[in-house]
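Going in written order, the chains are labelled A, B, C and D, and every chain counts its residues from 1.
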Amino acid sequence: MTKTTPSAPVDGAADWPDLAGRLIVDDAGGKRHQLPVRVYFEDTDFSTLVYHASYVRWCERGRSDFLRLLGSDHRRLIDGSDGGERSAFVVRRMTFDFYRPARIDEILLVETSVKEIGGASLTLTQQITRDGQRICEADVIVVLITVSGKPIRIAEEIRRAFGAS
Amino acid sequence: MTKTTPSAPVDGAADWPDLAGRLIVDDAGGKRHQLPVRVYFEDTDFSTLVYHASYVRWCERGRSDFLRLLGSDHRRLIDGSDGGERSAFVVRRMTFDFYRPARIDEILLVETSVKEIGGASLTLTQQITRDGQRICEADVIVVLITVSGKPIRIAEEIRRAFGAS
Amino acid sequence: MTKTTPSAPVDGAADWPDLAGRLIVDDAGGKRHQLPVRVYFEDTDFSTLVYHASYVRWCERGRSDFLRLLGSDHRRLIDGSDGGERSAFVVRRMTFDFYRPARIDEILLVETSVKEIGGASLTLTQQITRDGQRICEADVIVVLITVSGKPIRIAEEIRRAFGAS
Amino acid sequence: MTKTTPSAPVDGAADWPDLAGRLIVDDAGGKRHQLPVRVYFEDTDFSTLVYHASYVRWCERGRSDFLRLLGSDHRRLIDGSDGGERSAFVVRRMTFDFYRPARIDEILLVETSVKEIGGASLTLTQQITRDGQRICEADVIVVLITVSGKPIRIAEEIRRAFGAS
């Protein structure tokens, strides 16, 4: 009996190579992540501009896809299938500065990089631009906690992946 | 040592008596539920009108608060603390008709009633109005499923509460 | 001819007196605003806790209803019907600290007060609590801009209403 | 005087060729549109599954990008820059059937095709699948209205683009 491989990958990622954005590695080995987002109806409000909480959602997408391209994801974390305890990243603190408005149909770029890695926490800098113009900037601190709410140390492989030396 | 009871109820419901809307019982014992919703920035889009998916969220609030005023809620269902198996209502089918647009700052009324009670399912009719004018109407079928995904029979007390005779 | 007053107010506010929360005035004339929010399905995520961007939406509701109880609202501002130029408040900067998670079905209280009034800007402090326990705190700077994007001075009556002496 | 072309496209579309999904033309000239969506935190709820209103947002993305790849978009419509009156598509009726749950981190495919073209309206069929498995199906009727609310005839070029013969 022959075991056939499925004609399409389980998660469809191969069909849409850019769906999780791109990982950029600079000469010094530093990593950052780029994710494009399209502005849809759902992201705007009656001022005709982008609603401010939409940027918060987009930054979360950027962080999730950064983690994904580094080899992990949320389901794996919460299932403990990375070999560790069941855990999830939660936001502890975030600061957003808004510089210019964005509008329906535009393509924005969410760029994420790690500023600092603590024992259980990550501080990320996120910048949202349109054609190189700064739209919004965020500093976000996330903490890895177990399902019972206790902070736990981020695994070495994730730390290494994020580029901590 | 005296154990004092807290001066305020745990969930703050007493301070805001209308927060879960109101249950209306007609002469024949039929029940319906009314929930007011305010249109905020988050509910509108760049057309300056209410975004169509906002009505879907509001109808879900109406169903949740209807259930709440009948004596149950989602956490109790999923914890199995109603004495039954851990379960949750999921939407199986929904139809929305949009008649008039709504706008920022307006107060809309979500009225929910039960059209039919099946073994594991409820069919609800929901109407959203503004000063008596019909804005949107929905028919929604929800099914009670266990955490493993199997439909289970809705408990007698919930059936009775919804007014099934 | 008799001018009759309508039996119901246009916006339904009389039927639901608490819908826009409550204005609290302290002995020194300082004002703050309280708005209860119920946690619905839409506000939670797969971690089973409240999604962090939901707090951003709730704080915006608090600011909008604070403004409303002080006598203005967004549509009036953007229509210029307060007698001024067409304008809207936009968020310039926001910082959120998250202290404890919140969960489905809970009632949270959003408390908003003005920290500072500039020429075109307001700095607000917002605290979200559950039974007096601190869940989240935010500092938000909003700026009043004209539809063309220029900051304009906040009208005296709004300044006075917010309690600037 | 030399007219220079910009070094980068205004909307960044060239850098992310798949961002608006793909247009598929069958042998008979019929067109359908495919858009992949990733399930993020924002799309799920405390049941740990995708929140039902998220499918409504995703279908809107599919319709918007279908229109975009056919040569128009929302801003052009509302600005009247397609040469016509200022107008926008609004949803008149939608029916959603939910077959299977979807979960965080999954990639879903939103497939959109036109079922019927009326004078001012479009009836679209939308199917959301995961690896070929049916997750959700929707029938959506949208109507093109002017900013004053009057339905207007969909322009010939858009009708032709959608494949009306």
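Please note the rule applied: contacts are C-beta pairs under 8 Å (C-beta built on N, C-alpha and C of every residue); 3 or more make two chains touch, one makes a residue touch a chain.
This structure is a prediction, so every number in the text was calculated from the model and none was measured.
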Neighbouring chains shared between chain B and chain D, ordered by label: A, C
Of C-D and A-D, whichever chain pair has more C-beta contact pairs: A-D
Whole-Å separation of chain centres (CA-atom averages), chain A against chain C: 30
Computed distance of Cα centres, chain D from chain C, in Å: 34
Chain A-chain D separation of Cα centroids, rounded to whole Å: 25
Contacts with 2+ other chains: residues of chain D: 41-42, 46-47, 49, 53, 57, 60, 74, 103-104
Complex contacts: residues of chain A adjacent to chain C: 46-47, 49, 52-53, 56-57, 60, 74, 78, 88, 90-98, 101, 149
For the chain D and chain C complex, residues of the former touching the latter: 41-42, 44-49, 51, 53, 103-104
Complex interface listing, chain B residues touching chain C: 6, 8, 10-13, 15-20, 36, 38, 40-42, 57, 60-61, 64-65, 68, 73-75, 103-107, 109, 130-131
